[in-house]
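Here the chain labels run A, B and C in written order, and each chain numbers its own residues starting at 1.
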Amino acid sequence: MLPEVILAALILLVTFTFIVTRQLGAAVSTYAVQSWLLGGVSIALFADSHLIQLLLFGLLTIAVKGIAVPQILRRRSSFALAGRRETVYFVRFPTALLIGAGLTLIGFIVATRIPYPHQLLPESVLGIALAVLLLGLFTTTARRDAILQVGGLLAAENGLLLVGLVLAPGLSLLIEFAIVLDVLIAVLVMGFLVARMHQEVSTTDTSELTRLRG
Amino acid sequence: MALFRSHVLAAAVGQVVAILTVVGFSPLLKGVIENLKAKVQSRQGPSVLQPYYDLRKLLGKERTVTGNVSFLFRVAPYVVFATPVAFAMLIPVLTAMPLSWALMADMVGSGFVIGIGGFFGNLAAMDSGSPYGGLGSSRSRFVSSLAEPTFIVVFFAVGFISGGTVPFAVNGALFTSSSHIVPSHALVAAAFLMVVLAEAGRLPLDNPNSSQELSMIESSRLFEFSGPDQALMEWGGFMKLFVLLIVWLNVLVLPLGLADAITVPALLVAILTLSAKMLGAAVLLVGIESTLAKIRILRVPEYLGGSFVLAFLGLVLYTVGR
Amino acid sequence: MINTTLLLLLLAVPLLAALGSVAVSQDRIRYALVLPSSFITFALALTLIARVLSGGPIRALGDWLYLDDLNAVVLLVVMFVSSLAGAYSIAYFRSPQQGHVLRSGELRKYFSLFHLFTLTMVLATVSGNLALLWTAVTATTFASAPLVDFYGSREPLEAAWKFLVLAVAGELIALLGFLLLYASGIALLGSTYNFSVPVLGAAGAHLSPTLAGLGFMLVLVGFGTKAGLAPMHTWLPDAHSQAPAPVCAMLSGAELNCAMLAIIRVLSLATPSAGHRAIDLHAALLGFGLLSMIVGVVFLVSQRNFKRLLAYSSVEQMGLIAAGFGIGAPLAVVGALLQMLTHSLAKSLMFFNSGNLLLRFRTTTMAEVRGVIRVAPATAVLVILGALAIAGAPPFGLFVSEFSIVRGALGQPNWGAGAIIAALLLVGFIALVAPFSRMTFGEGDGTAPSASPGSELGVGVLAPGFALLAAVLLLGFWVPGPLHSLLIGASRVVNR
């Protein structure tokens, strides 16, 4: 059980990069690392439980989210990554940091309150998973840049899959396949819109897109 | 125990070996890091023994001291050299069990010991009257005082989890308990690494290879020293990084492979595993220093604030999970 | 067996149409594909609904596909809206007054995504596995967001981005809800079980009440974002006002209902186990419903753009539907189900009207559209009658459904909600009818550039509107027998 928990703890650490980074490229590589770690958790769980779908899910995660999705994102946003531009928050940096810490805490507290049937992973991983979900959603709402917003959503989705591994490791592979496929399509559509954004306003800073009001 | 008849003698030998390890191997760590960094940048790079050559050269030179400095300037190199050595007695360098002097101070106390060196370094740099020395001192104080809270919270968190703050007692206690401390543990370890990098004057706060006086922190404090004084100051710096990394490795991350008894084979194995861990740490440092750019001095509070938040989170999460 | 085939055909036809739209090189063929595809899909859907009425719920492919009365109601809504939106699209893009010059490849993108959008919504209404339901509802976002960005300028892009980001965030929260719902059955069904509607429905009261209840709350917040419930509705007025008119009709008329279907489905699965706490689940739904109505009505009053006006009307109407389900009285639930249908018909009609007004006046600003009755009488008839219909005036269908909801709510011991709903509907009525009547009958101040008399729009863009108007009028007088039993059956599914 310990390897899974350590990998999960590393996922939490890596997710903080989304909160602190100022570089667009970091979002993509952080997501890749996070996905590899998630795949690692699943494969380690397979070693413990011998549920074959966990092995396949781990490999699928690494192949699609650790390799394919970052590739697509990099290609779609190469123009934005090329400048190594620094991005900004809608909130100030220390505030963002404190909110991130608060959300992590909330994730852990909530995890202790959910009376879920204990399966393969301990409660602390559920806390990590919920924290990653919240941190991802926070990144999406608090970051101005479209690429980081996408990164936040994808990170949140990884957190959810970790929740899935805690709550329902027996969920069938077909379902997990559907969810991963969903991510792939999401990235394609979002990548398309990010490219459109660059074409339209020559930046991926969404604060340029505030004409619709009321 | 066949070799050393008495416990006292064994402990003393262990202590001496630990100190010699720190004094002897710390320049090697510096050399390995420089060499690896050069390799990453597709350069040949200096030999891993280069720091030893430099130290020998400096030690062989004549000492030059400006006329209008007080005794502080003369004393400082010795203090800067001595404090990491004293610190090495307090932490598990090679052995899992505490040695005779290890219980003199807990983690907070050891923090003070290492702080004395920095304090004297700053005083001496200002004493020389060089503008760069003053600049370096003030920046160094700036970084250290901001790193202080993180250190304290890390100590608290570790003490809270393991029920004690003596490094030898902490060592291991983090690893025997249940899985719910793992998240806290990871956060605290990450926070500690961040402040270690700050304290030892590494990237992303300070570029140890910088040749621009205006952006320097640590290295600008050394400008007025020469010959043996400079050698001691630099050696002290190498050792500081070395011992702080030992704390990170042997207390917080991987307390495996330490000697259980003072015997020659056990100590040899311990030195070998320590070398392996140090090599890992060197690779990690090179990875960090090749990917991260130096952050602006005004963003130092963000960096150290981040480490503080991580450490504090680690502390709080432990109480939540219980 | 035949049911499985029919269900698969129902999914295959839009898929083939989408593939065909991608593959063919001529726009003529692309146009020609639309009507046969919608006609066949509609016929298949009606056949399946008839079979549900006669033989009970259809289960297929190990419960991956499932069609019961509740699903059937929304399937009917989706098919109605998407068929007519397809027909309207053809006429809209071919209309001589069309201001948007189609670039090459735009129609390929439009029609392939249009069919995919239909496919994902149909899939959402026939999925029995809850994970498939989530995937399908999520997929509707990905099919529709590029359609919102169809006109390819700054504002549609902004709307599409907002829509995409908020909808995906909501869907992730909903997924957490579905995972908790799955966990709620583990104690009873084991760690690996078929996560489908019939299985969980049979488990009934034996699910873990806390997990199922929590799961519902998260699905409510998550898919509530997609269903346009306040305060998560902020993307809706942008997306529903920037998309091309037929797409707006699909977004407002069909897609919102698919998200609502998922919410109601989880509600129906979570309530049996909740016991006396079920009232909390209903109260949450009612609370979001009332808040959405209030927000919708408040923003209705201050709009200057008629497409945004209609979008806020959707917020209000989805709030009403949620409130109807939240009240939980049988009459209110039937009313809410009927409201799904009538609102979709009327809202599609109004979005077609908005497209017609845009064709005719080249603007969506209300102040620049005056005296429609004098320049284009047929368009004006549709506009003013449609506005009355959407506002819930008798004798249109919405009056019946809204009346049922209010009546059901007032029959409850806690009748305050009913009173609030009635008051909000009244304000909403004025806020909706007044601007459209000014646009229809008002004296023009001459600013409208092309308001010369006697230039009526073509039959193609008006006919779908008249069809919808007839349907919504018919529902005001008479709910056909099969539809009636379908609604009753669906309300039993909701209120188990």
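In this text, a contact is a pair of C-beta atoms (placed from the backbone, for glycine too) under 8 Å apart; a residue touches a chain by one contact, two chains touch by 3 or more.
None of the values given here were measured: they were computed from a predicted structure.
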Contact graph of the chains (line, ring, star, complete, other): line
Central chain (by mean CA position): A
Chain centre separation (chain A, chain C; CA means) in Å: 30
Centre distance in Å when chain B and chain C are each reduced to the mean of their C-alpha atoms: 64
Intercentroid distance (Cα basis), chain B paired with chain A, Å: 34
Touching residues (chain side chain B, partner chain A) in the complex: 178-180, 182-183, 185-187, 190, 302, 305-306, 309-310, 312-313, 316-317, 320-321
Chain B-touching residues of chain A, taken from the complex the two chains share: 1-2, 5-6, 8-10, 12-13, 16, 20, 93-94, 97-98, 100-101, 104-105, 108-109, 112, 122-124, 127-128
Parts of chain C lying in touch with chain A, wherever the complex brings them together: 129, 131-132, 135, 138-139, 142, 145-146, 149, 152-155, 157-162, 164-165, 168-169, 172-173, 175-176, 179-180, 182-183, 186-187, 190-193, 195, 208, 210-211, 214, 237-238, 241-242, 299, 302-303, 308
Parts of chain A lying in touch with chain C, wherever the complex brings them together: 114-117, 119, 133, 137, 140-141, 146, 149, 153, 156-157, 160, 163-164, 167-172, 175, 178-179, 181-182, 185-186, 189-190, 192-193, 196-197, 200-201, 206, 209-212, 214
